[in-house]
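These are the structures, in structure tokens.
Note that subunit A is present in both complexes that follow, paired respectively with subunit B and with subunit C.
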Partner chain A sequence: MNSSTKLNILRTLLAVFIALLISFGIIFLTSDEPVKAIVQLLTGPLQSQRRFGNVIEAMIPLIFTGVGISIMFAANEINLAGEGAFHLGGLAATYFALNTALPPVISPIATILIAGLCGMIVTGIPALMKIKTESDVLVSSLMMNYLVLYFSTYVLSNILRDPAAGAVVSFAVPSVTQLGTIFNGTRIHVGLFIALAAAAIGYIFLYKTKLGYEIRVTGENREFARYSGINVVKITLVSQLFGGAIFGIGGGVELLGMYNRFTWTSLLGYGWDAIIITTLAKKNPIYVPLAAFFLAYLRTGASIMSRSTDVVTEIVTITQGIIILLVVAEQFLSKYKHKIISKEAKAALVEKEGE
Partner chain B sequence: MIIEAVFSPEFLNATLRATTPILFAALASCIASKSGVINMALEGIMLFTALFGVIFSAAFQSAWLGLLATMAVGGFIGFFLAFFVLRLKTDEILAAIAINLIANGATILILLYVSGDRGISSSIPSLIIPRVTLPIIKDIPFLGQVLSNQNILTYVSLIMVAVVHIFLYRTPLGLKIRAVGENKDAAESVGISSDKIRYISLTLSGVLASMGGFFLSGGYMTKFTIGMSAGRGFIALAAGAMGGNTPIGSFLVSLLFGAAQALSNILQLGAWPHELVQMLPYVTTLIGLGIYSYSRMKKRQRLTGK
Partner chain C sequence: MEGNGQGQLVEVLTGLSKKYKGQIKVFDQDAKKYSIRELRDLGMAHIPEDRMTYGCARNMNIMDNIFTNQYHKTEYSGKVLLKNRKIENRVNELIKEYRVKTKSYRQSVGMLSGGNIQKVVVAREFSTSPAIIIANQPTRGIDVGAASFIRQRILDFRDSGCAIILISADLNEVLELSDRLAVIYKGQFSGVFNNVKNVTEVELGKYMLGIKKDDRLEGIIYEQ
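And then the complex of A and B:
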């Protein structure tokens, strides 16, 4: 491990630490029982098997979104349509599962693949628009999310809605398509393995294949990639489609594992969660499960805290925001970095002179 | 019946009303984009200032003083973004996303702390900027019904289109902003400090967006509700981009969004699939953005002779 990697890890940990400190400060300022709140936040998820189960359940969709965005951002394309891809993945999974009668095992697999395909469409449109018209991916991808939201709400209330249910929810997905739980006493479902597999595949794809290498080179320096003979247009499109597929699969898995009925009438915010996860994981899918676990733990802790004290769960979104700001701020700890680098250079020089 | 409703003066009146917050933010986006920085924090700024508008107008017991204080908050958040982007070299998009996230959480936290409620600011005695009837204009048939009896801030937003246009294209500072946005190095070479210009642009951008935020909870609605910016900051970003980041172009696209919003409000009352109507502005933006970018690309290719 060289000093720059070490420094990166140190910076990330320090950013998390400072963000937590600020959040604790806010809790102390606003709460009547701050100590109890902080203890609940930090240790709550460990207090029972069910609560720890909640952490793992919350981690599953976060892994998908983190891997998806890492692949999309690796090409240095700020495509934020992952949110919509996840949403449409959930809708497509519901629609497909309700309208087909496939045997067990094949049914969930086919459903999840369809969800992935739909996810690809959502992130693919802004990418294609960029290629064909040079329009800004950031804006078009944000528009896609709202497009998907209202489209899904339309399909839900006019086609999939179960009139027997009180709320606006779809018919229940048949049990052969649902993902079974793997640990009794929790709701952790088979999706956990799919999520971990997605992280592994994402890592291998980005770091061990030629295509992944080309994506990273394109992301680092587009002009250099072009002159090296890389087809940057194709590479960018591939990364956006691949990332969108992972988002879509995530939406499908989440729906089949945790919901069983399509109930999403507003955007769930997974697209924004993805940003903090990829920030912590340094765009490397292999670190995504770790970052997802951290965020899921914090969320579960916050939810436990809000039930037993007067602090609201939303304190965590503030923590999240501060972490992103500090980790991404290049100048944060830069003086320290310069010091280390110059120290190493001096040491190397002394060594050389000694020879 | 729908056609009738769309061409009624009431509908056009409602369109202007719904356009106001988007227009303020779209103008904010213009100024930032012209200086070469994308201000995606508009969403968070509007959410923050919608809440602070309620708090300040209640604290001062004056809607106008409240607006002034809120504009200061908006300017500060814009400056804060600029500090992270320019001084700490943070990616502008990620920094903005962080600000938006913080806004989501902090507004709920502050609302709970100030009002004891975690959804709506009913218990805060906030004031709103009133509607006014315009003399003379109100007597013009049709047009009078459209233009008169609007919120004062709606008129301010319309005036701002002209003000921002003049500011960007007719003042030395506006010229500098555009110069920095066009080519930072060229601007630096003639002695313009690009950082200083961008600090100013983002701060002004925050001030403009905060007027839209204030209008949401102190004019459009009468209270603050959580998440009330509801994507308007992003819509404004799109309106700016599709309008070529010119104040007049952005105004026209903002009107489109306002009309779609007003239309879906009408249709929600009937048996029409209002979700599909709500999709319209986003579809229109996607197509419009595509066409606009395509023509700009062709023009550039023609000019460079490729």
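And then the complex of A and C:
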């Protein structure tokens, strides 16, 4: 591990620490029982198996979205249609599962793959629009999310809706397609393994394959990539298709694991969470599970805290905000970075003189 | 002298731009139909004028930077995966051969000095044993040691039969290294010299300013 990686880890940890301190400060200022609130926030998720289960359940979709966006951002393309890809993934999984009768094991696999394909379409459209019409991906991908949302709501209320159910929900997905739970007493489902596999595959893809290398070079310097002979247009498209597929798979897995009916009538915000995750994980899929765990833990803790004390869950949003600010602020710890670099340079000089 | 279309000339020659009239031939084939990757695979190397824009990705490490033009070759990658061990060995060899001053290939290129960045660029371009080298300002803004090292390399390639187009604002460099020399004025060749030793800076200057113009050169490049 070289010094810049170490520094990055230190920076992230310190950012988290400072953000937590500030959040604690706010809790002390506003709460009547601050100590209890903080203890609940930090240790709440560990107090029972079910609560820890909640952390892991919440972590699963965050891993998928974190990996997906890491791959898209690696090509330096700010495509935010992941949100929609996740949503459509869930819808497609429901639709496919309700309209096919496949044997167990094959059924969830096929369903999840279809979800991935749909995710690919959602992120692929803004990417294609950029190639064909030079339209800004950021804008078109954000619009895409609303298209997907209202399309899904239409399909849900007109095609998939179960009239027997009280609320606007779809028919229940057959149990052969649903993902089984792994631990009794929790709702942790097989999707955990798929998520961890996605992180590993994402890492191998970006750092060990030709395509991943091309994506990273293109993302770091597009002109340089083109000059080197890389087909940058193809590469940015591939990165967004691949990222979208992982978002879609995430939507499918989340639906088959945590819900048995499609109930999403508003955007779930996983696309935004993904940005927090990828910022913490420095665009490296291998760190995504850690970042996802941290965020899931914090949120579960906050929800426990709000149930047992007078502090509301929104406090975590403040913590998240401060973390992101500090991690992306280039100047944060820049003096320390400077010191490390000059120390290394001096050491190298001494070494050379010694030769 | 810059600003007389050298940049555009290089873009066209290296395949970065396809917007031109006329024809460029590479090994008797029309260059227009080749992509940059195909041109490079045919043996073209290009040292870009602006090393930070075209020559490297500053946040990536030396290994990632030194391999962008050859990672796809069967020696270094399979259908999907990169052969990391082989790449690593080759990168260490190149760092040694081109005397890049660094502790390891994991150093990000942006942290190196200008001369060392240029050595990385040159190492990358020369390591494919090219048949054609287009060197645009290869020694601009770097230290004397690195510059003379790079010049020597260029001469070595000349001796081994490689075709080299050197574009430079440094007249001494041009006079010292070239076997043949051409001056472009307003997009056209105004003078071509086959005997560079007898050319003086003053004379070159006249051609560069358009005061003198070789009429025999209308439309032709040079005849061997």
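Convention: the second predicted complex is superposed on the first by the 353 of 355 C-alpha atoms of A that agree within 3 Å, B and C clash if a C-alpha of one lies under 4 Å from a C-alpha of the other, contacts with A are read in each partner's own complex, and residues count from 1 in each chain.
Convention: a residue touches a chain if its C-beta (ideal position, glycine included) is under 8 Å from a C-beta of that chain, and two chains touch if they have at least 3 such contacts.
Being a predicted model, the structure only gives us computed values, none of them experimental.
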On the A-aligned overlay, A:281 touches which partner chain: subunit B = first, subunit C = second, or both, or neither? neither
Per the overlay, which chain contacts more subunit A residues, subunit B or subunit C? B
Name the contact category of A:221: first (subunit B only), second (subunit C only), both, or neither. second
Tell me which partner A:213 touches in the superposition: subunit B (first), subunit C (second), both or neither. second
Applying the touch criterion given at the start, work out whether A:237 contacts subunit B, subunit C, both or neither, answering first, second, both or neither. neither
May I ask you to decide whether A:341 touches subunit B, subunit C, both, or neither, giving the answer as first, second, both or neither? second
Could you say whether A:133 touches subunit B, subunit C, both of them, or neither, answering first, second, both or neither? first
For A:229, select first, second, both or neither according to whether it touches subunit B, subunit C, the two together, or no partner. second
Considering only the defined contacts, which subunit A positions touch subunit B in the complex? 26, 30, 78, 125, 129, 132-136, 138-140, 142-144, 146-147, 150-151, 153-154, 157-158, 272, 275-276, 279, 312, 314-318, 320-322, 324-325, 328-332
Per the touch rule, the subunit C residues reaching subunit A in their complex are 14, 16, 35-41, 46, 48, 53-60, 64, 68-69, 71-72, 77, 80-82, 84, 103-104, 106-108, 111
Touching residues of subunit B toward subunit A in the complex: what are they? 38, 40, 84, 87-91, 93-95, 97-102, 104-106, 108-109, 112-113, 118, 231, 234, 237-238, 241-242, 273, 275-276, 278-279, 282-283, 285-286, 289-294, 296-297
Taking the touch rule as given, give the residues of subunit A at its contact with subunit C in the complex, in rising order. 2, 4, 208-211, 213, 216-217, 220-221, 223-231, 341, 344, 348
